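Across the two complexes that follow, chain A remains constant while its partner is chain B and subsequently chain C.
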Partner chain A sequence: MAQEASSSTSSKTISLKTGDGEIFEIEASAAKQMKTVQRLIDDLGDDITIPLHNVFSKELPKIIEYYKKDITGEITKDFEAEFVKDLNDDEVKVLFLAANYLDANKLFEFLSQNIADRLESKSVEYVRKYFGVENDFTPEEESKLREERAWSFRGIKEDE
Partner chain B sequence: MMDHGNDFSNWLDPDTSLKIFKCLDDPADLVRVSCVSRTWRDFVVENGLSKQLCLRMFPQLSRVACVVELNQNGVKGHAEVGSSRSMESLALWKDHRVFSYFARFCLSPIAMDCIAKAICASSTDNFPQESIDQTLEERDNIAGRFSYWSSSGQSNPNVPETLTYQLASQICIIKEINIQPFQAHFQMGSPIYSAKSVRFKMGHLKASLNDLSDEMFVWTYTSPEFPMAQENRLQKFILPEPVLCIGGILQVELLERVQRQEMDGLLYIWCVSSLCFSCSSSGDPVVTSIYC
Partner chain C sequence: MKRPLSSAATSEDRKMKKVKETETDEKFEKIDGVCQKNRGLASFDENMLFEVLKHVDAKTLAMSSCVNKQWHKTGQDERLWELICTKQWANTGCGEQQLRSVVLALGGFRRLHSLYLLPLSKPQTSSSSCSSSSSSSWGPISQQVIRSKPLPRLGKDEVHLSLSLLSIRYYEKMNFNNRNM
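After this line comes the complex of A and B, so read on.
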């Protein structure tokens, strides 16, 4: 990619506009980690406010926070644990979808693992509700499945 | 891959869901995922997720050439009559059944000693009083008689010894092995005939035995070396990860002799007992593996 004549990428900030109209700043080097954003910068230039129609003001600051840490190489297990500690399952879902849309690979990988961890010992009904899936087994099929796999239905957490 | 359209989820597509499912590391969670809906069950099967999870948990499985599924009577299963599925699809469904059933045993918290019998020792000083069979008995003294295995004496400390055992089941998941060296109170100074370090191998009997080769076994796993203490107690050696032993053969390799016997000036290793802890295997003849 050709270097901009006017400034170097390391200290430049990019303006991002969320789907609900709010504007956030991010360092260009952090923006680079989000391939969708980088592609938009390549197309529109880095002096323009980049529109992100599918990302909203609730989640973008969190994403920016993550990548701010990433560019300084400070992402540790403790940081990641702290990052998701107070998020409920729906909030993680929203972040996950945003990371996917932004093609922010590192965050996406981390959140995939976090969602998988959250599914641990959750009931089938909870998983259906969380992912918005219809149960298309007949009652007979379902009770047969559960009976055959009774061992995997022990120790299930109560649904919240 | 089948197009699942909107049935899949109201916010996940097959690619993003595959990402999440591959992060599941508990077989029970994967089984429950496949109970969510037909589409999800098909997705788990078609992507071989149960097998992949087992391979991640037990890399030793990668050596298995094929798996034959037996029904409850121990008879090889046949394809459903009138099944419209392709051979590939049938194989994927078989893999799913076998590997999701198999994975449940990894979760068992019950650990039991699974050494069924002693096969052979690399050497024995006085047979049969000091044979490897004595190590199946945990106590070092039975009704006034000492119970231990003794190697033959060597002047070179680097001559190793091996104790080979048959496990209770052809398919075991091994977590920990315990060894107790013997302290000879009947000798001056009560020497302890331990070894400097120990290593464990697991494997199976060779399919065809060649008269010229004295190696009867194929080893599919070799543990790291563990230092042994020169102490008369049951020493625990916990494997870094639980290991799948296919074939039911365990070998204890005692490396480097330490204790010299005053009487003849030779170095020996003497062992009271060997215990091998695995997750319980129910003994159900559900799965047999065959190597090419």
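After this line comes the complex of A and C, so read on.
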């Protein structure tokens, strides 16, 4: 759990409270990596439980796991591959949105690459559903655009 | 990875978006048909979309222009196509900024890619001068190449060729306009 660092900088743990009321602990140095959290600490002090309305108990532990590894400087490609291995597309999306909210840059970058990889060879319909966007093209507009980009539609996987 | 945008600019953008998001805390979004009530997270905004699209491959970027109008606008962004083009290139021997201003003046990276770089990435599917292998053996291999992720690195010659062709196209169009005047 919380390891006492021998350096003079904070070896404290910060309490974070998720939107669904659960409390998690992270080290202050890990909290520093999440700029939103750090801002809240600066405003509220580090003795108070920091409320994170938009992050929930499903995803926060995973985020904490990532930054726990990060502060020891051990994030490798293997670790990152393992980190996302068992996550489905929606779970990654939730983590990505949370990383954005928390202003956790490193995780955000990593997940944007991962989402980009997952989108490879997916259909337009899948992408719309995944991102929750509406199609606002007329059928004519859409078919014209598709025609112009016919080369990009080869090898598209069937939607599950 | 080379990025035309300064990372300072993007994190500043994100900060601005963050202020907006905290103000819309109570907003809920329907994600995948499941009502995420009180989740309060805004769905992907334009900035997040841009960040993801920075990492996609050419096919996905082109396809993304068909998703909706906002995506179309983002999918046409020259900075994203510059990333796509330069990912494939070996050292071009000139500065990034210089290359950028030249390519943008001649029609942009998106055109450069679709007109001249794309044909270079495709395998030879038609029976060319190479008479060794039978045409049927190219079938499954060409399928594989299109789907595989690691792109063939384009050497200096191929880059210069594609840039030359882009210039020629630009000047052809220019001359045509002058003739009509």
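Please note the rule applied: the second predicted complex is superposed on the first by the 150 of 160 C-alpha atoms of A that agree within 3 Å, B and C clash if a C-alpha of one lies under 4 Å from a C-alpha of the other, contacts with A are read in each partner's own complex, and residues count from 1 in each chain.
As a working rule, a contact is a pair of C-beta atoms (placed from the backbone, for glycine too) under 8 Å apart; a residue touches a chain by one contact, two chains touch by 3 or more.
Note that the coordinates shown come from a computational prediction; the quantities given were computed from them, not determined experimentally.
Overlaying the two complexes via chain A brings chain B and chain C into a clash. Legend: residue contacts after superposition of the two complexes on their common chain; A:Asn105 is shown touching chain C, with no touch to chain B.
Looking at the shared chain after the overlay, A:Asp90 reaches chain C, while chain B stays out of its contact range. In the superposed three-chain model, the partner touching more residues of chain A is C, compared with the other of chain B and chain C. When the shared chain is aligned, chain C comes close enough to touch A:Asn54, but chain B does not.
Looking at the shared chain after the overlay, A:Gly19 reaches chain C, while chain B stays out of its contact range. Of the two partner chains, neither chain B nor chain C is touched by A:Lys77. Look at A:Asn135: by the touch rule set out above, it reaches both chain B and chain C. With chain A used to align the two structures, chain C clashes with chain B at 242-250, while the other stretches in 134-142, 188-196 or 242-250 stay clear.
With the contact threshold set out at the top, residues 93, 96-97, 100, 108-109, 112-113, 115-117, 119-122, 124, 127-128, 131-137, 142, 145-146, 149, 151-155 of chain A are in contact with chain B in one structure and with chain C in the other. Partner chain A is touched in their complex by these residues of chain B: 7-12, 16-17, 19-21, 23-29, 31-33, 35-40, 100, 104, 107. Per the touch definition, chain C reaches chain A in the complex via residues 11, 14-15, 17-18, 21, 25, 29-32, 38-41, 43-44, 48-49, 51-72, 114, 118, 143, 146-147, 149. The residues of chain A lying in touch with chain C in their complex are 19, 36, 53-54, 56, 90, 93, 96-98, 100-101, 103, 105, 108-109, 112-113, 115-117, 119-122, 124, 127-137, 142, 145-146, 149, 151-156.
Residue ranges on chain A touching chain B, taken from their complex, read 93, 96-97, 100, 108-109, 112-113, 115-117, 119-124, 127-128, 131-137, 142, 145-146, 149, 151-155.
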